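Order of writing sets the labels: A, B and C. Residues in every chain begin at 1.
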Amino acid sequence: MRAPQSELSNIAADVLARVRARRPRVHCVTNAVAQAFTANMLLAAGAVPSMTVAPEEIADFVARADALLVNLGTFDAERRKAAEIAVAKAAEHDLPWLLDPVFVDRSPARTDFAKSLVARGPQAIRLNPAEFAALAGNEPSAEAAVLYAKTSGAVVGLTGETDLVTDGERLARIANGDPLMAKVTAMGCAASALVAACMAVEADAWRASVAGLAAIGVAGEIAAANARGPGSLSIAIIDALHALDRAALTGRARVS
Amino acid sequence: MRAPQSELSNIAADVLARVRARRPRVHCVTNAVAQAFTANMLLAAGAVPSMTVAPEEIADFVARADALLVNLGTFDAERRKAAEIAVAKAAEHDLPWLLDPVFVDRSPARTDFAKSLVARGPQAIRLNPAEFAALAGNEPSAEAAVLYAKTSGAVVGLTGETDLVTDGERLARIANGDPLMAKVTAMGCAASALVAACMAVEADAWRASVAGLAAIGVAGEIAAANARGPGSLSIAIIDALHALDRAALTGRARVS
Amino acid sequence: MRAPQSELSNIAADVLARVRARRPRVHCVTNAVAQAFTANMLLAAGAVPSMTVAPEEIADFVARADALLVNLGTFDAERRKAAEIAVAKAAEHDLPWLLDPVFVDRSPARTDFAKSLVARGPQAIRLNPAEFAALAGNEPSAEAAVLYAKTSGAVVGLTGETDLVTDGERLARIANGDPLMAKVTAMGCAASALVAACMAVEADAWRASVAGLAAIGVAGEIAAANARGPGSLSIAIIDALHALDRAALTGRARVS
């Protein structure tokens, strides 16, 4: 089933408007490379980030948050422990959470840990084609994504030239973004964080994923139009996301 | 007692000039989110940052530093241990230090640790209203800040729309800055680091706090005037702080 | 022996072209302050960075990488262990690796650890004059660098106003760069990472070091020409490195 473009663009704009109005708290278990950029992107969208991974206090932070991001970027014993506590606390509080299995294609230990987290029931997973292949055990495609969404029970956001978002029934394609975005570190991590922020204000994780990925894709396009390279893009996308309004989002989103 | 505006602006300019001339070393126990921005802001001001939190070597770094910043942003077992070693070494070397009790309003474990650090005698504390309420146990106000400065023995820099700086006797108000600064992660952390740099060259921690907060407020205003959003602001404020001279600081500072 | 300028500039351009074509994976054991900037500089050059320091998985990452950077910036027990595993794995896979002994002048524990890593046989070492003095036990000079390259068996890249690159026989001088680069945190760390990327595609570590340092020096000059301060420089240098082509590199490189 495909929703019409205008409807999905409006949904995305609605969800972003709610993020701006409600200022949800998004707790991020993420890697040190991504922390500052992720925090700035969340702030630009209107959300409030927190980032602690200390086992002694992460439960308190998650309990006071509205959504949780678990990113495996710099995976170590403390972050693993933090992720487990955070996921347990999220379940206890019915908090939506998203898994970003960064670089699971590089290390079997990481793949195993990611699989154990998938079994804990994230509402959404966002990953790139290489990560999808390692985690799902299938070549990336729309069909494979639909199948993996069904078996995992999570909305799958498979990002690339065209992003695919599926809950196993519905499938959306988002054709926004710019190739230069791949030259900025933590761009995918920030996309995951935005989806988590959207999940805080939209109970349908498929709609939230479409909204978050459309927003970053459109902001990236606007930023790329004037960027002189990946450095200026990394700054301009924060500005563009901060300025992104309903007209720009619905006018530019290529979601189908 | 209120000092006249022109006198305080001149003091701020004097202190900043000394930072530029002496290039003090500021050792920062701070969170990973804030490290790069804090280091770049210190460098822009003329100071020399270091950031290690390894228990084996932090004492050596603090012993060679001119001021210490202890920021609880990503609080974990190692940073807690590092903070304790660093504070003990600072006391041994009569090194001024500042506490930035980030997010103490989010976790009781963090509040308790922050209180134990306050008892170790920082020369200054910089915090926002929510953190003040959690740490001081009082609603934030000028009166409450004066009282907390008296009971803690530290200069209190309570930052917000107007910053308040008090040592329990003197009270300064700084009305610089721009609302967009709150959309940049680690802006408060950088403000604390600048105050620490000023404490390295100015023994009166109240004057140092006024100078550091006026400098970042004025730099933020200059940056915001041309920023297209929080991304470009985060870069422009580094440029503005680097270029900040006596004329700009005394001409723009609204300190009373 | 001195190679003629035009030959060295052409070598640098050749090596950079190979980085762009082959997209080598560079695994970085580096400090949290430097991670994001280093990753963005590597991406701008055409390389693919990874940054994990988890002992459980670093061997897997190094085994899949084309070069290794070991930077002591925020040295702690986990990073020390990670560095040791990474260096052992690099030796096993004949992977070139570079040591950046950040701040060895600040702590004896750090100096000792750096010396133990030098004994493990890095193909190259990049460091500043203060770090050189602490590690080599000699005042920095061309003669001392040549001697230290001979005794350590590593190519030495001693960076400053003029960079010196020597393998104990050949000596190159690179007179590019801009003083404002020293005001950007992690600029030296990024230079080391670029050299590591060049080592992935050029077996002669002396040529690779010349190429990496010439590239960042030229990119820094181009960026500084339009920067309004260290903030905008830190962004413009990423753009300039991304856009750097053979004509710009050979036209501007002052290598002799």
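Quick notes
To be clear about the criterion, a residue touches a chain if its C-beta (ideal position, glycine included) is under 8 Å from a C-beta of that chain, and two chains touch if they have at least 3 such contacts.
None of these values were measured; they are calculated from a predicted model.
Interface note: subunit A and subunit C, two copies of one sequence, contact each other through mostly non-matching residue numbers (shared numbers fall below half of all numbers used). Between subunit B and subunit C the CA-based rotation angle works out to 120°, given as a multiple of 5.
One finds 33 Å separating the Cα centroids of subunit A and subunit C.
Residues of subunit A found to touch two or more other chains are 32, 36, 234-235.
Listed in rising order, the residues of subunit B touching subunit A in the complex are 31-34, 36-37, 73-77, 103, 106-110, 183-186, 227-232, 234-235.
Listing the residues of subunit A that touch subunit B in their complex gives 32, 35-36, 39-40, 43-44, 49-57, 60-61, 64, 78, 234-243.
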